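Here the structure comes first, spelled out in structure tokens, and everything after it is commentary.
Note that the chains are named A, B, C, D and E in the order they appear, and that numbering of residues resets to 1 at the start of each chain.
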Amino acid sequence: MSGVISISLVLNVASSGLILLGLYIIFTQKNLIKIVIGLGLADTGVNVLLVSTGYIDGNTAPIFSNSALNISNMVDPVPQALVLTSIVIGFGVSALALALIIRLFEKTGTLDTSKIRGLKW
Amino acid sequence: MVNPILLIIIPLGTAFLISTVAGSLKNSTKYLAFLALLANVWISISLLPQVLKHPVNVIIAGIKPPLGINLLVGPMGAIFSIIISVAGILVLLYSFKYIEGEGQSKYYTLFLLLITGSQGMILTGDIFNLFVFFEILAISSYILVGYAGDRNGFEAAVKYLILGSVGSVFILVAVALIYQETGTLNMADLAGKFASVASGKKMMIMLFFITGMGVEAAIFPLNSWLPDAHSSAPSSISAVLSGFVIEVALIVIIKFVYSIFAMTEILQYLSLVGVITLLVGEFAAFNQGNIKRVLAYSSIGQIGLILFAMTLNSEAGLSAGMMQVVNHTASKSILFLVAGYMIKMTGSYQFTDYKGIAKKMPVSSFLFVLGVLSLIGVPPFLGFFSKLNIIIAALAVGNTFNTVMVFLILLGTIIESVYFLKILQIFYIGDPIKGGVKEAPFTAVFPIAIFAVVILLGFLVLPEINIYAGSAAAELFTKIQITQVF
Amino acid sequence: MSIVSGLLLIALAGVILNVLFYKSKIVQKYVSLLLFAVLAYLSFNMYKQVGSHFSIPFLIAGQSIGFTITWLNYYFALMITGITLLTAIFSLKYMEGKEGIVHYYTVLFMKTFGMLGVILSSDLITFFVFWEIMSWSTFSLMSTGGKEAPKSALKYFIFAVTASMILMVGVVLSYSLFGSFDFAVIHSKIDSLSLPMTGFLLSIFIVSFSIESAVFPMHSWLPEGYSNTFTTFTAYLTGISTRIGIYGIILFLFGIFGIQTVDKLVILGKINFRYIFGVFAALTMIIPTFTALYQHDAKKLIAWHSVGQGGYMLIGLASANALGISGGILHIINYLTYQVLIVFAIASVEYRTGTTNLNKLGGLIKKMPVSYLALLFGIIGLAGLPPMNGFVSKWFIYKALIMSGYPFLAIAAVIGTIGTILSVYKLIHNMFLGQLPERYNDIKEVSFSMQLPMWILMIVVFGLGVYPGLAMGLIAKIQTSLGLAVVPYSLHGIASGSGQLNMLVITALFMGGLAVAWIIYLLGSRRKHVNQYNNYAGGHFLNKDVAYNFNYEFYAAIEHVIDPYRKKIIERTERGIIGLVDAVSEYVRRIYTGMINTYAIYILTAFVITIIFLKELI
Amino acid sequence: MEEKLTQRSVWEKISNKLSKRSLWMLHYCTGCGAIELPPTMTARFDMERFGISPMVTPRQADILLITGYLSVKTLKRVVLTYEQMQAPKYVVGFGSCTINGGMYWNSYSTMKCLDQYIPVETYIAGCMPRPEAIIASFNDLIAKIDRGEANSWKDYYKNYDFYKANQDRTFEGPIETYNDIKADAAMFNIK
Amino acid sequence: MNTVLWIIFLPIIIFIIGTFMLGYSRKFIARIERRYGPPIQQVFYDIFKLMNKKTNISHGWMHDIAILMLLGGTLLTLYFIPVPGFHFFAQYGDMLVIMYILLIPALGMALGVGETANPNGSIGISRALMMLAGYDIPFFLTFIGMAMLNQTTSMYELINIQQAGGFFGWGLITNPLLGVAALIALQGMLGEKPFEVMVAPHEIATGPMTEMGGKYLGIMMIQHAIAVVVELTIYINLFLGGALNWFEYIIKLFVLFTVLLSVNAVFGRFRTDDAVRFMWKIPLPMAVIGVLFIIF
């Protein structure tokens, strides 16, 4: 398969790119909503990474509908289960974050992190 | 034979029960929570004699460990579940009067979820479950930090949430990498399989893991959420967060470093980080005027001390660290809980407004003094013996690095004593403040007093404490837990 | 049942009784007094059990710990309980109706408990535990009793906690070196230790005790701390509490390390440990003594002397010959008696006039002759003039220094003595002599219960001056038990080849001189006591409206001489350290900026730095 | 006068003989006369050879030398100083001013006659008297002491009412010197 | 028996010598000033007259006792100083004892003057004490130096050691730095000019003596007469080889006294701080260097 970009490489690049992008947003953006978006990106990136750990090149999905397929030809199903959980958690956290941010906005009237510094030092 | 899974199931179930019956029972749901934690206390205490003999391995859903999910309870786990349950029930008792207003059932639900998360993190034998419990713990504590519903609470909660999520990203990366390298998520299995992984990769994975977990464990400089969150949360929650949540995260790190990754090379670096954490915490607290921030920074300092003790790469150090965890849980809970009522009575967070408060709140103030004494490490309080053991362990290693570290720790202690004593002097000296300041109610004073009894009379059961802490240390140090599973 | 447990339990019982019956005046006054009397009685009887050991049913780090009775302990226990009893008697009236009386008695018991524990302990852990109890109880009472008290108590505490932290390192280090906390075990193994390590360990202990006994660079907490609290407590603190540090030094220098071991510690081939120690002791004598000249507050002035007198004891110990050591040890009890006497006199004045400000007092001799006499006896002792007891011990110390070839330490002692005379004269002059301000016309002498301790101490101060042998017997036993040579003493002095001292002869001659002077005095005609305003002031009419007496800047001229050399290095250093800690604290706090983005960056930074640090491992 | 001389005991005779050799002098110099004292004390006349030396406080002095005029204000001080001296004490009025006011006889504020207020042992006449006169009068005083006749100081104790009345009249009210002369007289048995 | 006679007559002899020395000093000063001066027994007359005063005042009991302490302390010192033929008490107290009992009269005086509540007195006593701090430190340092040099603190033995060396055994010869330092300090100790600011008659009315009259001043003069001899004797014993017989002793006393008087006669008066500064800057370093010579 030389010369062809492998899928796992794509997955790895994608995941690390997403994570770094997410973190970059968190580091630089001052808008809280954007920070939450950054978190979402990073989460997604990690999920991709998690999925990629179970990926085995050329194997099929781990579904037992076709009895002809051998178990040894399937990709690892465990990461996919993990990713499901992880997505749920990420969703929950994002929802909670947005809820809290709305309440914070009600109190402070801003989403700018540099202005929300009531607690420092 | 009690099943340790009950430690997780009971609070989790009760939490859902509370949220379902909240409509009809209103605020009486707190008694349900109390009963659940009472059961938890009983279970965790009755678990201790068993695990001292042999670690308990609970297999869930009938699938054997490498593939299935299991709970693994050694002495360390049992001791921590006792700490969590006892501190939890006492703080819950305190919350009865402290938490006011409608919709209290939410508070108790979340509180029980927090207990669930902590218990699960300690007890689980599966690395992904660890992540899940971590998230349960984290999400419930995010909400609880903002429970008071004021501006500061929300700000702190948002900060905590964002940083916690960044941490969880790191953890998840570590989990993914672990799975990639070993193909297993079971801790016991991992410990075996990691031996064949290249040490560079192992180190990278561990760094991801430590960084992620370190956010929750409040290791400097990952701890920047802590002063905000601990100082803005309701005092009962601050007590819990400082009391065992950060220690739970820390002990997970320690467990991974010693038994799972078995990377003792990193320990010296970690102990340096511990001392830096200690110094940063103490120095930051020195000029602080907000009493809860002082306590929060002091928690950073204490966690640094615990980290130092536990990374000495000796059984004595681990054992001393365990003792210090007990001491810190009890004494910091006292301080936060007392501070909660003082804030409530005076309406001010600045301790300079508490002049002569001891004349109005004599019992609370006295308990506060006890807490401070134990935290600083004054004989004959428990804190003295744990600090003594830490220093003995540090100097037993006998290298210059540790000696210097010991001097730095003692410098930290000096600074800590100074700022605490300033507060004590304000409590006791001067004319009593005006206004309707009165003693905290019995349901608040009683749990605080229990904590005080622990630190005050701890030295009477010192040999027993030494035995338990020692066996917990032995578990971590000699990896008994891991080898006995298979 | 050992006397040790009796002593400790009674002291503890005092604490508990005072806390429980915090409303009962009877408990505070009379039960406390009774308990203190019992303590004194028990400790007096301790000599019957010298050498016995008593362990606590309790293990720390696998070591059994406990108490033991030695002659040195006995000496200190006598002083502690004795002075506590006298303080309690004096406090009966003094503390009456004052705020914080419960606290006062509780802490008095707690402190006695702590000090007895420290001196009786036979191992480092017990020593340390009681040491902490001692300093915490001191802190707690020092914080009350005056406006400046909290601040100065905090200052004391910073030093005390530093001392205990250093001590803790010493304790743990000895444990890891010798595997035991027990003094006897350490003593037996000390020779096996390498010299640098011995020096390090000894320095740790000595520095720690030096802070507690206010040796020169670490002395600044004492004057402030002692002068702002209740005056009776000042007496207690200055009399015995400070000297527990000296106990520690004696114990470690001679008891545990042993003088042979200490003498092996030499740097630069010539300067040995003792001499360095002696230099600090000499500075401790000189500097506080001259600082005392500047003071305007009686308590502060005498507190500075509390520092200075410690130097005499230490310098005696540093000379390390039989005469010097016995002088140092003897000076502890001598110092105790006259210093407490002085503070009691000051307390009496404060009790009646409500102030200790030297610029506001004067002429009280006419109103309070007994207090005056007490102060007079005290300052003669403090200045070290015959026939009071201070002279004897100072004589020992001088002689030892000269004979062992430390002339400059001896001259330091002389300078200290001269400075002492100057400042104590200011004390007695501004309080009791000179013009009596009109507002004090109606005050009376203090009542009998306050006079009694002063009379007792006056007798002791004079008695020990004439018959130093009374104390020397015990000191000889101490020296024997520490394995040191003994000074040949008699009841009224020492009898050695060159230059003996016979206090009885000196006293008798002095009395004879006084008698001759008295006869000459009687030869003249009668004298008449006149009013203080019948006084020659250049023909000026004096009356009560004029504050004519000279006492404000009493030693202005010598202050001009000293001022250029008085750089206040210690004060400035301390202020610098406080400023440094403040600044560090401020900057460290700035780490927590409140910006979420920054916090998130910290996480990544930590991750990256860790990788950089540990890159060899990866 | 004759009686008194015979009444002297042997001890008194001896003590008078010895005491006359040592006379310490407090000079109260308000007037111009003080300028004559330095030559009296220094090399030219040297009064120390008679045992007379200047002293600065009344407690130590035997002689109170009043040089020059006295006003109401200064007289008060003189009386105070006089009362502070230890008996036996001798007042020497120096110059005309002390005798009759001298050139100030006419002044409203000047005292005319010193011995109305305190007993004076000797006057030295002149405006102003030369050192020779001073020495001469001191020698007179010494001779008087030797004879036991210099007892004017007792008058103050005996006739205090007289002096006090004069003082009070001039000062327009009593002055407080904190000296109880009558009690002193009783205490020291001065007759 | 001999000792008892000595004890009884020594103060009287010393008193007589002291009286005549003070008279001599007045005569000496007068002659320098080209006056005739008082008779040499003048001091005796003065004392007699003062003791013979009819009235005496005192300001309280401490004032009375102070006078006794003053004279008693000086007599005490006198007995401990070996003079030719008498050193009985010297064995019971050495130079260190002398060092301290020299301070008793000063303290007694200070206490008494303090009670008089006289402003001049207080100023005077404050100056006197400051001067004490000035001259005593170098003086005592020479004590210590001599004790170290001869390895004894007994003054009697010191005399013997010096006598054994003949003229070249004298302290002044063997250690001139210490000797000169002590001589300057002695000048201050005797309160001679330029170190007599504590008395300063024209300024503070004789300072400490302001309220002293009658027999109080008389006793002070007796004490002064004895103290002069005592202090000169200390110097003689330390640095001039002591004396073997009374003839030599008196000669040495008068010679030494004349030296000090000559300085006295031609000098003005140092201010207190200047005096203290002078004492700490000239004699003290000299003494320190002298002691350093002894050590090395």
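Couple of notes before you dig in:
Going forward, a residue touches a chain if its C-beta (ideal position, glycine included) is under 8 Å from a C-beta of that chain, and two chains touch if they have at least 3 such contacts.
Here the structure is a predicted model, which is why all the values come from computation and not from measurement.
Identification of common neighbours of subunit B and subunit D yields C.
Judged by contacting C-beta pairs, the busier of the interfaces A-B and B-C is B-C. We define each chain's centre as the mean of its Cα atoms; on that basis subunit B and subunit E are separated by 78 Å.
If you average the CA atoms of subunit A and of subunit C, the two centres end up 69 Å from each other.
Put simply, the C-alpha centre of subunit C and that of subunit D have 59 angstrom between them. Averaged Cα coordinates give subunit C a centre that lies 36 Å from the centre of subunit E. For subunit A, residues that reach two or more other chains under the stated contact definition are 23, 26, 32, 35, 116, 118-119.
Residues of subunit B in contact with at least two other chains: 158-159, 162, 166, 227-228. Of all residues in subunit D, those touching 2 or more other chains are 57-59, 184, 188, listed in ascending order. Of all possible chain pairings, those that touch are A-B, A-C, B-C, C-D, C-E, D-E.
Note for the complex: subunit B touches subunit C at residues 158-159, 162-163, 166-167, 170, 199-200, 203-204, 207-208, 210-211, 214-215, 221-222, 224-225, 227-228, 263, 265-266, 269, 280, 283-284, 286-288, 373, 376, 378-380, 384-385, 387-389, 391-392, 395-396, 398, 406-407, 410-411, 413-415, 417-418, 421-422, 425, 428-429, 462-463.
The touching residues of subunit A, when paired with subunit C in their complex, are 23, 26-30, 32, 35, 113-114, 116-121. On subunit D, the positions that touch subunit C within their shared complex are 28, 57-59, 76-78, 80-81, 84, 175-179, 184, 187-188. Taken together, the subunit E residues at the contact with subunit C in this complex read 11, 51-62, 64, 67-76, 79-80, 89, 91-97, 99-101, 103-104, 106-107, 110-111, 114-120, 122-123, 125-127, 129-130, 132-133, 136-137, 140-141, 144-145, 147-148, 151-154, 157, 205, 210-211, 214-216, 218-219, 222, 271-273, 276-277, 280, 288, 291, 294-295. The touching residues of subunit C, when paired with subunit B in their complex, are 58-61, 125, 128-129, 132-133, 136, 139, 143-144, 149-150, 153-154, 157-158, 161-162, 165-166, 168-169, 172-173, 175-176, 581-582, 584-586, 588-589, 591-592, 594, 596, 598-600, 602-603, 605-607, 610-611, 613-614, 617-618.
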